[in-house]
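Scrolling down, you'll hit the structures one after another.
Presented sequentially are two complexes of subunit A, the first with subunit B as partner and the second with subunit C.
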Partner chain A sequence: MMLAYRTNYYTGILIYSINIGAYYFLWAAIYSGKQHIEGLSVTQMTTYVAVAWMARAFYFNNIDREMAVEIMEGKVAIELIRPYSYLGMKTMQGLGEGIFRLLFFSVPGLVIASFIFPVKFTWNPTVWGLFGISILLSFFINTLLNLLTGITTFFLFNNSGLIRAKRVVIDLFSGLLLPMSFFPGWAQDVMKYLPFQGISYVPSMIFTNGFSHQQAISAIWQQFVWVLVLIVPIQLLWILAKKQLIIQGG
Partner chain B sequence: MFYASMFFQYVSQYVKTRFQYRANLFVEFFSDLLSQAVNFIFILIVFGHTSLLHGWNRDEIIFIYGFFLVPFALFSAFFNIWDFNDRYIIKGELDRILTRPIHSLFQIVLERMELESLLGALTGLVVMFYSGSRLGIELKWFDPILFIVFVVGGALVYGGVFVMLACVSFWADARTDIMPMMYNISNYGRYPVDIYNKVIRFVLTWLLPFAFVGVYPAAYFLGKKEWFSYAFLTPIMGVLFFVVSIFVWNQGVKKYRGAGN
Partner chain C sequence: MNNAIEVKDLRKEFKSYSSRSGLRGAFRDLFTRNYKVVPAVNDISFSVRQGEMVGYIGENGAGKSTTIKMLTGILTPTTGSIVVNGMNPHKEREKFVRTIGVVFGQRSQLWWDIAVQESFRLLKKVYKVSDAHYNEHMDHVIKTLDIEPLLDKPVRKLSLGQRMRCELAAALIHNPPLLFLDEPTIGLDVLVKLKIREFLKEINEKYNTTILLTTHDLTDIEALCERVIMLDEGKIIYNGALRDLKDKWGDGKELQFQFLEKVDLDALKNLTIGMPVKWELDEKEHIYSALLEDIDELISQVIAKVVEAFKIKDIKINETSTEEIIRNIYEKGTV
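Right, the complex of A and B next:
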């Protein structure tokens, strides 16, 4: 289904390359003359940017928006009488799309990016293994946050504003735009208690060797804990939502 | 006259529909502010680690960003046509538009406007006054007039490029994601063009002239003499791109055959 629109597919790769390009030039200008900033060299930074955007193709999905539309149009009523868990179905749909994009989009995209920009890969299998676990967990954190935003449609009726706000917050606080270590100290302390850095910062730092092995393991544990913690409010809100469901038209 | 009265009738209808979901409207204002804040924070953090970006200091970069927000707000309020292909061509809505007695592009602009985006202009002004006062920029009597001319020029550059992109769907049936790609490219215009290599600089100046929305006109107010000639090209580029885009649009509408049911 996703390969049916080929232009879409090619322009998608182009979009991501352009984003990487924009940040590459910006970072090159920021680094001009400096060898290291916050322990990252300019090559590591370019790699960080490239990996962060390509990992985004995997964990990113529009489940929140789709849920909002289904709830607003009343289609969710039919979904609720089907013999599966609606939230589980949405998660798996996102995972399927994510895996497709990982194989047909991120991998070729990263190869192209590595030709154009000075991106440096590591060939250490442990790093690749940890990176694999880490992006899987970042997918779950991001998807759970999407489900949470999606469910709020039951209570707010129209939450396009909230969805947009959530996207912006995630772009900044997940470390997609710049690594958490660049933030001022107090902001880093606050961020430690929030789930966002588990989405982009952790996998990208593991990939660029910005983390030591010990740091990587503990960061992955933190991601795992966040996955478990986020399930609780979703289940509670879901039970509540089913009780007070209002179908708006449909 | 007829067009003006249509415009105000649509505005009053628009306000009514928006107030139906008041809570969401409030959150949307907030999320707009938030996304502007994110870009602002990005600049602040970057300049926590460097003092100059190719000879431009922090307040100058902030000023450029503030300027960029004003034409961008105008553009997003009135040229909300990024889903033109999906909404009007594939779903066949354009058939309805063409039966209306006003110009088809104007009708679409009216239907799709998002007036709450105008709030971004206010943020932009605040940001400009903040950084401008830190830089000690002095305003001459004709500067406000030039400001309006540059802002309108910048918004027209944006509008022209995006209308032309929307026109692609008159000729190509396939769904494309060119529009979101352009949003990404337009981000380049927010930073001084001299940090990019020659090819990108050429593209940003003459082919997809997004530099005219941010850095070039802002450079005038910052007193960067080497960019003055580019700054004064802003309104010309704006009018040129917009007129060409209307011409392409009219050709496209002639070509349009209708899709779907």
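Right, the complex of A and C next:
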């Protein structure tokens, strides 16, 4: 679908490099001569930003909005006459898009960015391995949250406000905009009990070596637990949604 | 032979909200809302044999689409039982939908941005159709529907008629024994309609495919279906052969005359005085029509009298059309 329009593809790559660049200049200004803030050096910070955006290309998807549109316009009827699970199909569609975007948008974008900005990569295979597991889990956490928001359309009929709110919450609390360690202490305590930091903060910290090995393992376990926890309400809501499904528009 | 569709006391209720009027009403609606339960489908029972082509007709909002959606497993019935192809559609949805094909005339199941053949390939994967089956079956479908030149075009560039033929092909990729068509000919021109009808007849003969068809175009039904099920306000008001419906309701014929010179309507009326004939005049076309009962004797008498008295340009004998019959039934609400 994403190759159907050529211009979309090329501008996509450009947007990724511009995003990384914008955040680099922002952080460079904030550091302005300081060596470390909250235990991260400026190079670590740039790498954090670059990796966070690269990971975002993978875990991010619009399936909540797509579901909302499909449900609102009644297109969900077409999906329900096909021999697959609707939610499973949406998840796999997100995964496919994520892999595509990772390979064809963000890797080229990252290569361009690394020529211009001081991004430091590690070549430690353990780190790469942990990072790989971690972004896969962050994909599932984010996708499950999207499914959860998407399903609410069945009950609310128009939930564009909820979708927008969810996106802001995820961008802010997942550690995409700034690492969790920059939040005040009480906020960090609260975040520990929420699934959001499993989306961006954990994989980025693993990649930039901001976590010790021990911390990384336990963070991945937490991500895994969140995936399991989030499946429960989705299944319940889905059963409920099917009972009271209305196909809008004939 | 097992029935393809077996429906018993099927009922579907919707909650319908009504909003209060005015600003005060709008604020009250924020807290409590008025709603009433409306039965869209009201305790209907019917069955369809394997290989039958059945027309499912009714006015807008009579509950046709709701029934189709329950039969295809999309909606869950409020009460009642459905057995289609030996399965309960919404309980075993994923297994069940492999055995049906569905075309919604108002919705596309092809992917908008990609070429038709890519959609077909995707569906082939989804339904796990083997290459051999696909090639044998779809080559034929593609040829009959004449969509070969459309295959490499994206769906958004197709005209409605082209798209609808592709939709039909897409619904048949897994060669299902049961086909649901929800207004498949809506907005199509006569040629495309004919092509689609011929095609449906052909697959019905070739594969003994059961077809349930909803439409507002009664010529579709006349061309394809032996049986019609008529729905009104969620209830079945007629279930039987289309011919019986015509015999029962189609009493009366219409004789249309055109004359060489101008004829006075009263003169015609005088001519047939004492006979049960009603005369009408279409001023614009100068067509004089006599409405009378379908009695052979009477018809020939009227024609004889008129021919004797005036010079005639054209005569037509019309039967009451199905459309008129159906319109009469809709207006009365019973059969």
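Of note:
Criterion: the second predicted complex is superposed on the first by the 246 of 250 C-alpha atoms of A that agree within 3 Å, B and C clash if a C-alpha of one lies under 4 Å from a C-alpha of the other, contacts with A are read in each partner's own complex, and residues count from 1 in each chain.
By definition in this document, contacts are C-beta pairs under 8 Å (C-beta built on N, C-alpha and C of every residue); 3 or more make two chains touch, one makes a residue touch a chain.
Everything numeric here is computed off the predicted structure, so don't read it as measured data.
Of the two partner chains placed around the shared chain by superposition, subunit C is the only one that A:Ser85 touches, whereas subunit B remains out of contact.
In the superposed model, A:Leu177 lies in contact with subunit B only, and not with subunit C. When both complexes are overlaid on chain A, the residue A:Ala77 reaches subunit C alone and has no touch with subunit B.
Of the two partner chains, neither subunit B nor subunit C is touched by A:Ser218.
By the touch criterion stated above, A:Leu245 is placed in contact with subunit C alone, subunit B being left untouched. Once the two complexes are overlaid on the shared chain, A:Asn124 sits clear of subunit B and of subunit C alike.
When both complexes are overlaid on chain A, the residue A:Ala29 reaches subunit B alone and has no touch with subunit C. Looking at the superposed arrangement, the partner reaching more residues of subunit A, out of subunit B and subunit C, is B.
In the superposition on the C-alpha atoms of chain A, the part of subunit A touched by subunit B in one complex and by subunit C in the other spans residues 5.
Subunit C meets subunit A in the complex at residues 14, 65, 69, 72-76, 90, 93-95, 97-98, 100, 102, 104, 106-109, 111, 113-114, 126-127, 154.
On subunit B, the positions that touch subunit A within their shared complex are 21, 23-31, 34-35, 38, 41-42, 45-46, 48-50, 53-54, 172, 174-178, 180-181, 184-185, 187-188, 191, 195-197, 200. Contacts from subunit A toward subunit B in the complex involve residues 5-8, 11-12, 14-15, 18-19, 21-22, 25-26, 28-32, 34, 37-38, 156-162, 164-165, 168-169, 171-172, 177-178, 182-184.
Considering their complex, residues 1, 4-5, 74-75, 77-78, 80-85, 242-243, 245-247, 249-250 of subunit A touch subunit C.
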